[in-house]
Amino acid sequence: MVGPLSNIHEYLWLILAFPLAGVVLNGIIALVAERPLLLPADDHGHDDHGHGGHGDEHGAHHETPGYRKLVAFIAPAMIFAAFVVALLSVIQLAQMPAESRTVVQTLFTWIQSGGLSVSVALQLDPLSSVMILVVTGVGFLIHVYSVGYMSHEPAFARFFFYLNLFMFSMLTLVLGSSYLLMFVGWEGVGLCSYLLIGFWYEKDSASTAGKKAFVVNRVGDFGFLLAMFLVFWNFGTLNYTDVMARIPALQHSGILTAGLATAITLLMFVGATGKSAQIPLYIWLPDAMEGPTPVSALIHAATMVTAGVYMVARSNALFMLAPFTMGTVAVIGAATAIFAASMGICQKDIKRVLAYSTVSQLGYMFLACGVGAFTAGVFHLMTHAFFKALLFLGSGSVIHAMSGEQDMMKMGSLRKHTPITFYTMFIGTLAIAGIPGLAGFFSKDEILWKAYSSSHGSPVLWAVAAVAAGTTAFYMFRLIFLTFFGASRIDKEVEKHVHESPFSMTIPLMVLAVLSICGGWIGVPAALGGLNHFEKWLEPIFEGGHKAAAVATEALSHGATAAVHGAAAHHDPMEFILMGASVAVALFGIAIAYYLYMVRPEKPAKIAEANPNLYRLVYNKYFVDELYEWLIIRRIVNGSVWLWQMFDVQFIDAMVNGVAKTVRSAGDETRKIQTGVVGNYAFSILLGAVFIVGYLIWR
Amino acid sequence: MMEPSAYLILSGILFAIGAVGVVARKNALIILMSVELMLNGVNVAFVAVGSYLGDPTGGIFAFMVMTVAAAEAAVGLSILIAIYRLKETIDITELSVLKW
Amino acid sequence: MEPILFTLFGAIAVGGALLVVTRKNPMSAAISLILSLFAVAALFVLRQAHFLAAIQVIVYAGAVVVLFIFVIMLINVPENRLPVEKLTVYRLLGVVAAGLLMIEGAVASRNFSAPAAAVNEAGSVEAVGRALFTDYLLAFEVTSVLLLAAVVGATVLAKKKI
Amino acid sequence: MTASPNLMSNLLTILIFLPLAGAFALFFLPKENGRAIKHFTLLVTLVEFLLSIPVLTNFDGATAAMQFTQKFAWIPQFGISYNVGVDGISLWLLMLTTFIMPIAVLSTYAAIEKHVKEFMIFMLLLEVGMVGVFLAIDLFLFYIFWELVLIPMYFLIGVWGGERRIYAAVKFFIYTFLGSVLMLVAILALYFYNYKVTGVYTTELSALYNLNIPVKMQFWMFLAFGLAFAFKVPMFPFHTWLPDAHVEAPTAGSVILAAVLLKMGTYGFLRLAMPLFPVATFDLMPFVTALAVIGIIYGALVAMVQKDIKKLVAYSSVSHLGFVMLGLFALNIEGIEGGILQMINHGISTGALFLGVGIIYERSHTRQIADFGGIAKIVPLFTLIFMIVTFSSIGLPGMNGFVGEFLIMLGAFKTSQTATVFAASGVILAAVYMLWMAQRVLFGKLTNAHKLHLTDMNLREIAYMAPLVLFIFWIGIYPQPFLRKMDASVNAFVVQIHAKRQAAIAATPAGETLLARYFDVRK
């Protein structure tokens, strides 16, 4: 390249600057233009316009105010600009030699104190390049979609203010060059998640869900923080490149033991479970569906929730040194995958099904990381971003069509009314179910294979993951059948308004559908004759981990790395068998769904009736929320009330007041000496004289 | 010549008797008189010691004490009159406004 | 000669004092006070303090006690409204404490001895006058102010209406 | 800036006594004219702030020495001098004080109606005391200012407070006074010990720093000083005066109390207790750290279940000050710089929280969380600012609270990992109680609109909230200027106390236990 853009990497900061500009502009617009709207001059603003997506019943379209058009332009445009810069940067990165594909741009020193020095610096390398492309690309599509979806929302600019802020935070998270910056983005996306989930703050359930998300995330952040402290005091830095570079030396000097690595990585993983909704901190994600649907698509499916996976992948070198953590990650991932999938079976709310599906798919990604297949994890992260965003946006389109109805039991036969939504969603469903040829198949299959074949893996993990895959196929097709097929169960009143969504919403769906099909092709495994570009692209990131692990196991460099690569290159016939098996399981799941919801639609209710307890258990998500509520929240609140009422007021304050009372009552008693009779005072003087003279005489 | 301690002991006796009057009596008039007695006792000591030492200061002090005694009696009695007008009593146990 | 007179007047002074503190009727007490004061004046004479003896008679007996008697007659408390005073433990304690103080005074003065050649002219009118108008002039003047304040104060306090 | 050198050398003295002159001038203003009195006070505090800016700009961050010093003999017979100076530790606290005062005064414009003149006189006197405390480098002078602060605050709470103001004011006074008296005893002991060793009577801090006090004596003196400061901070379990004082105090009083007065306690540790008694500091560190951590968690838990917004914020102060103490007693640069920064942060954030509470209280005359709900709809600007402040208090990255808390925990982690683990859980709890409160007050259905009479912030309120919000972001995004000014002083501080401690260890016979050192117990 020539010209001013000869080195696009000098403009990395633009990737952050564009969304930030969007934040500022939209924020100003929101403050200036929307604030008076929110102030109720009288009572006409009080009716329930909480749900922006289904404002149709408000009837006649008013002329769109100019500022809304401005917002509708600025917000997606900024993200698109960021996407362009990101794309150009990645292209330039790809032209560099594979070993030197790490670009760090330092903007300014942020915190410097004692031994700590953290700069605001951006790091572009293969891993973050995947992330920024996914984030800006999918993010842009969702912004476009949102313009249509939120068109009836009064707080239009505020919504995009938040959404741009989210993009900014998320890009900080993935582009930051140190753990601390990652943490900044990490908390920033948490903030945006809080704001966007609670976007319709007048709904108690929404603001509660937002708070829950933030607090649960904070529990995870607690682990992340402590992990950072451990990293800093042992490595002396928080920069990725420095940390990675110092691993060999620290291993050599015996500071970086497996124990330390385990501590660091386990704490990091606590953070990851919070952000990426893994057991035991997944509980906030289903509730997060209270937010507008584009938010669910962007934050709670495609980008933010995958931050945990990104973090684990980013720290792969440390994770590889901690076999115990790896095992934990894999087991938690697999358990989350199957557990969440099982919860998805009975949900009636279309978004909740997708939410549990997201939790489940995130479990896959962690399973991949846990067995050392970071590439597979990141690959699935990417494909999942495509098809899950598609599914969420599709569901949003459905909800839009249904005037806000989210209960699948009140849908059906929508295929006729909303064909684009149907076809795109169907593609997404095929992708998530793992039908060969689509994006989800390649990534999921690679995870399954690694779960079986990797040195960290085991057949049990494979089996669990395969069952979860079957379950996924089942409930996703259940969703499709209930929503788009069969007899209409739609309210008559609603049915009149059912319509296909505008182009601003359907075009992103179509783009995502294409991506859900093709997105996987860049990572076709070698076993299927693919070149697996994806794995090669990410190799520089993950080889550090393998090397470190090799040092740890004393099997020095060449042998171990060769073994790892050897496993990938080796064409095991087992791989084909398992591939076939997983496809079979998926098809089996689809078949059951077809049988239960197409052939015998009355059957599911009967099954539920036959096993009332099991059904209740699953439908109520195993009562985990209630368990937490009873076990932790109630205890803490009651304990706090006790601390306040009993300890603070009844003990400390009582002691303080007691001292005061003692002094007071002592004064009360002694003042009785004051009789007011002159003679008595004279007597005291006399006594005093006697004593003083006596003392002077006989001293 | 008399032992000077005799005067001093006499002074002490007068003072003590006066003190008993101040402490033990309820009648405000008598208490005031007892105060005069005490002052007198002190005067005896001043005068005696002054004359034994040949120093006029003792006498001067006695003189001052008498002046003060006169002033005190005048003010004290007028207070007493004022109180009597107000309370119709000279019993100091009934004049305990300062109690507690 | 001095011991006899001392004993005599000392006894009168103590006796008068005892009567002062024991009389129920204030008038009797006032008369006893005059007795005691005269005895003390006599003692002053014994110590050659003629000026003070004169003052004692004029100021104390002549002015202060007369003032007392005036007040007694002015307020004229009826016999039945005089305070009833019984012997209580508190009174006894007062007596004991005063007695103790007396004993302590006696003990303290036990070792007091005058210089051998004492000039007994210190109490004469001339000596006192000289001291009063030279060394103690300021004190003397301040005394006059004090007396003035007492006069004003007494007048103000005793007035019915200010 | 072309300030004359003469002005520069007198600057600190002017800063201390300008408010006093202002208070004196207020005597001559007619008391009926409340507006004029308020304007005048605002003017005085603004001038004070402007005058403090040269201190900041001309402050040399490269040296640990006291700067702008001015000294003259005051009571030479006792070695007491008027001696003022500023270093990297006190600089920001001075700035915080002069910065927060105009804001506090501005916040009283609508709130204070009765006895305006007296109120403003007390405000200015308070500023004299606060500025004096941070600038005094003579022990005696410090004590004078320390006590001077008590009296105006006592009246601010006791006269202009809420229903239980007398109780709160007396409690505040006695509580903190008890500590001061203990400190006075220790000051005297130190004074006479110094005379015994050096033969010179002096209360000059720089001289006293050089003393090598026997460890046993250090222990008791540290306790006496420490208790005085712990009352003020307040550390658990001496915190119970704070909620009462905050709840009853008028808004401006709460703001100053939270923003500056509490910092006097932590500053006292840093200026006096720690450098004077380094060995005791190290030996008692686990104990103080434990109390700090208990305070963090306890304050957070109790804050969570409060029904009164102000009380909630008051308890959150206990929690935040626990962080500050944790940082200071990490005894390393990261922790102490974090601690100092967090003092500033807490002043800004909690001050802003109290101002926010004051804004809605002025309109609705209630502070009960249950009375509110859904007000975001009618007061969007207030909601925006209140949420910013809330998140700053929670410690969200990009805002001031994070930088401080992060440095504190980073530093503390090196010293005590266990303590930090517990302290970090305070971060979770902070989110819980602040967001829960925000949710119940701001969000949800608007049920009580007619009773609350809420209107959005007016220009005056925006004017005093805006600078606070600015600093919330400034410190959060670019804390370097703040940290750099304190570098040299904190460095020197850390080096010095570590060196003294090493010397003391070298002087101690091997195998002697802590207990033995203090209580003459031999094994």
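In this document, chain identifiers A, B, C and D correspond to the written order of the chains, with residue numbering beginning at 1 in each.
Going forward, contacts are C-beta pairs under 8 Å (C-beta built on N, C-alpha and C of every residue); 3 or more make two chains touch, one makes a residue touch a chain.
This one's a predicted model, so the numbers in the text were calculated from it and none came from an experiment.
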item: Smallest number of contact steps required from chain B to reach chain D; value: 2
item: By mean Cα position, the chain sitting nearest the middle; value: D
item: Result of counting contacting C-beta pairs for A-C and A-D, higher pair; value: A-D
item: Reference chain C; chain at largest CA-centroid distance; value: A
item: Chain centre separation (chain A, chain D; CA means) in Å; value: 38
item: Centre-to-centre distance between chain D and chain C (centres being mean Cα positions), rounded to whole Å; value: 67
item: Rounded Å distance between chain A and chain C, as computed from the means of their C-alpha atoms; value: 102
item: Rounded Å distance, chain A centre to chain B centre (Cα mean); value: 96
item: Overlap residues in chain C, where contacts from two or more other chains coincide; value: 90, 94, 97-98, 101, 105
item: Chain A: positions in contact with at least two other chains; value: 679, 683, 686
item: Chain-chain contacts as defined at top; value: A-B, A-C, A-D, B-C
item: Interface residues, chain D side, partner chain A - complex; value: 171, 174-175, 237, 239-241, 298, 301-302, 304-306, 332-334, 337-338, 374, 376-378, 380-381, 384, 391, 396-398, 402-403, 406-407, 409-411, 413-414, 420-421, 424-425, 427-428, 431-432, 435-436, 439, 442-446, 456, 477-480, 483-484
item: Touching residues (chain side chain B, partner chain A) in the complex; value: 19, 22-26, 31, 92-93, 95-100
item: Chain A-facing residues of chain C, complex; value: 90, 93-94, 97-98, 100-101, 104-105, 107-108
item: Contact footprint of chain C on chain B as seen in their complex; value: 1-2, 4-21, 23-27, 29-30, 32-34, 36-37, 40, 43-44, 47-60, 62-64, 66-75, 77-82, 84-85, 89-93
item: Complex interface listing, chain A residues touching chain D; value: 31, 34-35, 38-40, 45-46, 108-116, 180, 183-184, 187-188, 191, 194, 198, 201-204, 207-208, 210-211, 214-215, 218-219, 221-222, 225-226, 228-230, 232-233, 636-637, 639-641, 643-644, 648, 652-653, 656, 660
